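These notes open a run of structures that come right after.
Two complexes follow with chain A in common, the first pairing it with chain B and the second with chain C.
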Partner chain A sequence: MKVVVCTKQTPSTTAVFSVNNGVVSWDDPGGKPNVVNPWDEYAIEEGIRLKENHGAADVIALSIGGEDSKEALKTALAMGCTDAMLVSDDAFAGSDAVGNARVWAAAINQLGDVQIAIFGKLTIDDNMGAAAMLTARKLGWTPLTFVSAIKEVGNGSITVERLLDDGKETVTAPLPVVINVVKEINEPRYPSFMGIRKANRATIPVLTGSDLNVDGATGAAASKVDWSQVFPIPPREGSVEMIAGDSVEEQVEILVDKLFEEKVI
Partner chain B sequence: MLDFSLTEEQLSAAAMVKEFVDHEVYPTIKEYDRKHEMNPDVLPRMAELGILGINIPVRYGGQGFDYVTLGLVCEELERCDSTVRVVMSVHMGLNSMGVLQWGTEEQKQRFLTPQAKGEKYAAFGLTEPGAGSDVAAMLSTARRDGDDYIINGEKMWISLATKAHHVLWFAKTDPQAGHKGITAFMVETDMPGVTTGDIHGKLGVRAGSTGWISCQDVRVPAANRIGEEGEGFKIAMSCLDNGRYTVASGATGLIRACLDASLKYSQERQTFGQPIATYQLVQQKLAFMQQWYDTSRLLYLKAGWMKNEGQRNTRETSMAKWYATDHSFQAAHEAIQIHGAYGYSDEYDVERYLRNSRGAIIYEGTSEIHQLMQAGYLLGTRKDKPLRCELPAYDPEFWQNE
Partner chain C sequence: MSGVWVWIENSNGAMSTISREVIGAARTVADELREDVVAIVLGHDVASVADEAFDLGADEVIGCDDETLANFRVEAYGPLLAQLVQEREPVVLLFGESTRGSDLSAWVAAETDAGLVPDAIAIEVDGETVKATRSVFANKLLSTTFVKDGLQIVTLRSRAFPQAESTGNSGDAEWVDAVVAEGDIPTKIVGFEGKEGTVSLTDASIIVSGGRGVGGPEGFEPIQALVDVLGGRWALRVRLLMRVGFRMSTRWGKRARLSARICTLPVALVGRFSTRPVCAHRKLLWRLTKTRKRQFSVWRSMGLWAICLRFCLH
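For the complex of A and B:
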């Protein structure tokens, strides 16, 4: 069984953003400005568990983006994915979600005989959470979203538990499928030291548009999303008052009184 | 050629350890520090993740990384809390690296492999109630009896005393010969006659394990003797070259923790209508911390590089340890000053940093001992002689092959 984990390099959750003349930039002093999309860590972990617990032979980490996306792929390899592949082409830059889904689908098809493609619930840069469903549509596979557990895989089908607003449901679908996973599904492992060494020595193949059979338009020109104006969120006005007290109880008491005064509670 | 760059492997290993301590050590550290207890999950997790064998060759159960990575890992550990770095100082620096350097192949298989895999924890038994810097004053004895030695004595201020399975124990086989009469043994703590206990009431490293170990007529096979009879002092000193390296790199992490906390607080805390970071005297403190961090890091990385190259680094490691520990204390002191009254409370981390930083100025050679060492090198009264067994240079092929 071949599994693909679709991942993306995104700004870190602690990155500080700035916008100058419509250009967004970010940095993370003391940390790494870009990391593997935190939601994708659950997808990577689940892919590795499919290898460990359900006999998947290949767990391939796949990413679309520039050279820096290799860092996300190396993280996936260091955690335990068997292979990695990057799709990188300037022609794809500026694609909207549909354009990206066309590229994801083409890359997954290129890998051949994939039974399960896993996405994280969403990526923290655009927070759309549409990639899994759009890619499933392009591939013509069943989408299984908000998966909180993979219960069974075998005999050409997969049974998963989905986490919904008002409860959980267990569904079975024929393979191949595209799933996206929620954080309740597992606890992602850290990269292992041996994995780190393997990842840093790995040569990650890079495919371009000419290597793929992308069905439909991609890139900024085909995008239905227009980033015509980008501006920073105005800073919130407010002040901070430090509450002093001899004990936590006293501090809480003062806080509660103030909240009553302000009619917050 | 001079190259200050670190490899992706080294940086990734350090990043992984940072992730571990941020997720699994930091959230409970205040609770365990207050309780004067070690979080029971920490050691097994360090073992499981391979941290306890980071720079030991894969063939001996380790992860096959180099000595520089060990330093980077210790920096990340102590950036979170000194107690987790202390684990590496004793388990790796003072014990496992000693076995790597001085042990026979059979001893490496018996002791080093389970230690590097984290199946056994290791400690270092040099200090005694009446013998610290004056090692030759130790009272522990080892008397030969057939194929065994009979060990008697007590060790004090031993990190992991109640957790360790293996203790590199130093005892006198010839009490009349001063430091030349000291011999090293691997004492297994399940041997009859070994008792251990924790020390309470410490100023710092309260979430760590520090204690005493007593040997009463403990029968230790001669096969557990590390090195030759009378070679114990040299073994102990070479182990300290490695332990001090972990202390230096750890103290560098502590300086960074002080700096990070102070940078954050000084930009949030306002007095007289503006953040205190806008005041020049606060900026001066931040600038000094950066200077101490940069200097400490350069010193320990050079020592790590020398270890990789197989160069003797006693002087350089001593300098790194002396400088970094003295300045981690100063950094914590300044961090508290920046935090004002809040820094005086355990609501913030900096008071713990100050308490934790103090011990390292005493153990593994007081700052005064390191000053004497440096002066000795300068005046020519101290010279490093070649050892029968040198710490092996880092050879990636040997380290990484099964």
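For the complex of A and C:
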């Protein structure tokens, strides 16, 4: 059984962003402006655990992006993924989420015999959280989202616990499945020293559009969504009024009157 | 293409709060686009939900009442909604950004190859287009995002929009058949553990919180008093992490995980810092020996114990 873990290189959460003429750039005071998308660390860990506990033969980290995405893949290898693959083609640049899902589906199909594709809950740059469901539909596989525990894998099916708004649901579904995981699922491990050495020596294969059988349009021209207008959060405006009074009781009375006036209470 | 459609999330015959908010937003969008609000009510025994949708301002209701829809499964709901969308071509399709709304909106977007704009915190209509404000780049920037072409699927963040108010309107829903038979739904729900009885933070209109800044148990007294005045209930008490020689970090990634490991240590100290002493040493023992067994060596555990004891005896 092969397991694929999709991971993306994203800005660090401590990065400081600036926007100039709609172009977003960032730097990190900690010196590491890009990291593995934090939610994907849980996906990578769960992929590795499927190998350790459920007999998965290969756990392949997959990223769609530019050359710098190899950093994220190397982290995945250092943590314990067996292989990594980068899909990179200028023709995919600017795809919307549905377009990207066509690429993921093609890449996962290309790997062959994949039974479980694992995604993180969302990527912190685009903040979409839709990749797993979109890819599942493009593959025609069963989607299992918000997975907080994989309970059983075997006999062609999987049982998972899902963390929903109103409770925990346990579901069983036949393989193959696309899942996305929430942070309650595990505690991601640190890359081991040996893992880091292995990852540094690894040559990561890069596939382009011509290596894949992508079904449907991708790239900026095919994108149905425009997210080009990005801007800093406007500073909050407000004023401060100090409540003066001779005693605390008097101050409280004035405050309560004001709260009533403003219909706060 | 016509109609602003709203998916009405419901369970056990009750409409979810987020759907009341989405109907309210749909009304504003539809009025500006000069379209009707069409509520989509799927489930089992949902006649009262359809009535409520009319009351909250829907001009039309398309419903499906079927046993296969009793519990939400995206493989039952998705094909039905996608088929309705393909046949009747709404202009806008709105969902609440709940776990189920997120699943269903993405399913329909994939099936209909439509543009998807999730988790809007504000929307405005510009011509024929719904422009959404989304928070992006680790919530540090905002983006105005919209669908350029075809069906516009937008999901709305919970509590970002006011709920629709009762209009007193009523109407007759159009009922359609389910499109997937039980035998063709691959996912089977084998258990559900609800959150009944607990307080839902997402549904709270006021959240009172206190943190390390209050200094100690006595610092919580005014917080408790405020909760009492507002008639609130305690939703959760998160253990306070004190500086035990480590810098607590709220950032994601490596350092956050580092502190997550260290969190297990101050758990034992919760009695000292939270309003109610809830934790005995037994709990620490359990934490250190059971949960952390694989991560803490004997020597490290002993070291942590020593720090802990110093702290508790202090």
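One rule holds in what follows: the second predicted complex is superposed on the first by the 233 of 265 C-alpha atoms of A that agree within 3 Å, B and C clash if a C-alpha of one lies under 4 Å from a C-alpha of the other, contacts with A are read in each partner's own complex, and residues count from 1 in each chain.
As a working rule, contacts are C-beta pairs under 8 Å (C-beta built on N, C-alpha and C of every residue); 3 or more make two chains touch, one makes a residue touch a chain.
The shown structure was predicted, so the numbers you read here are calculated from the model rather than taken from an experiment.
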First (chain B), second (chain C), both or neither touched by A:224: second
First (chain B), second (chain C), both or neither touched by A:200: first
First, second, both or neither for A:12, with chain B first and chain C second: second
Which partner reaches more residues of chain A (counting touched residues only), chain B or chain C: C
First (chain B), second (chain C), both or neither touched by A:144: second
Touched partner set for A:168, first chain B, second chain C, both or neither: second
Which superposed partner A:192 touches (first chain B, second chain C, both, neither): first
Chain B and chain C footprints on chain A, overlapping residues: 190
Interfacial residue positions of chain B with respect to chain A in the complex: 7-9, 12-13, 15-16, 19-20, 49-50, 54, 63-65, 260, 268, 270, 400
Complex interface listing, chain C residues touching chain A: 11, 74-75, 78, 98-100, 102-103, 105-107, 109-111, 113-119, 134-150, 186-195, 200, 202, 230, 251-254, 257, 260-261
Chain A to chain B touching residues, read off their complex: 30, 32, 74, 78, 190-194, 196-197, 199-200, 240
Interface residues, chain A side, partner chain C - complex: 11-15, 17, 19, 24, 26, 35, 38, 41, 96-98, 101, 124-130, 133-134, 137-138, 142-146, 159, 162-174, 187-188, 190, 216, 223-227, 229-233, 265
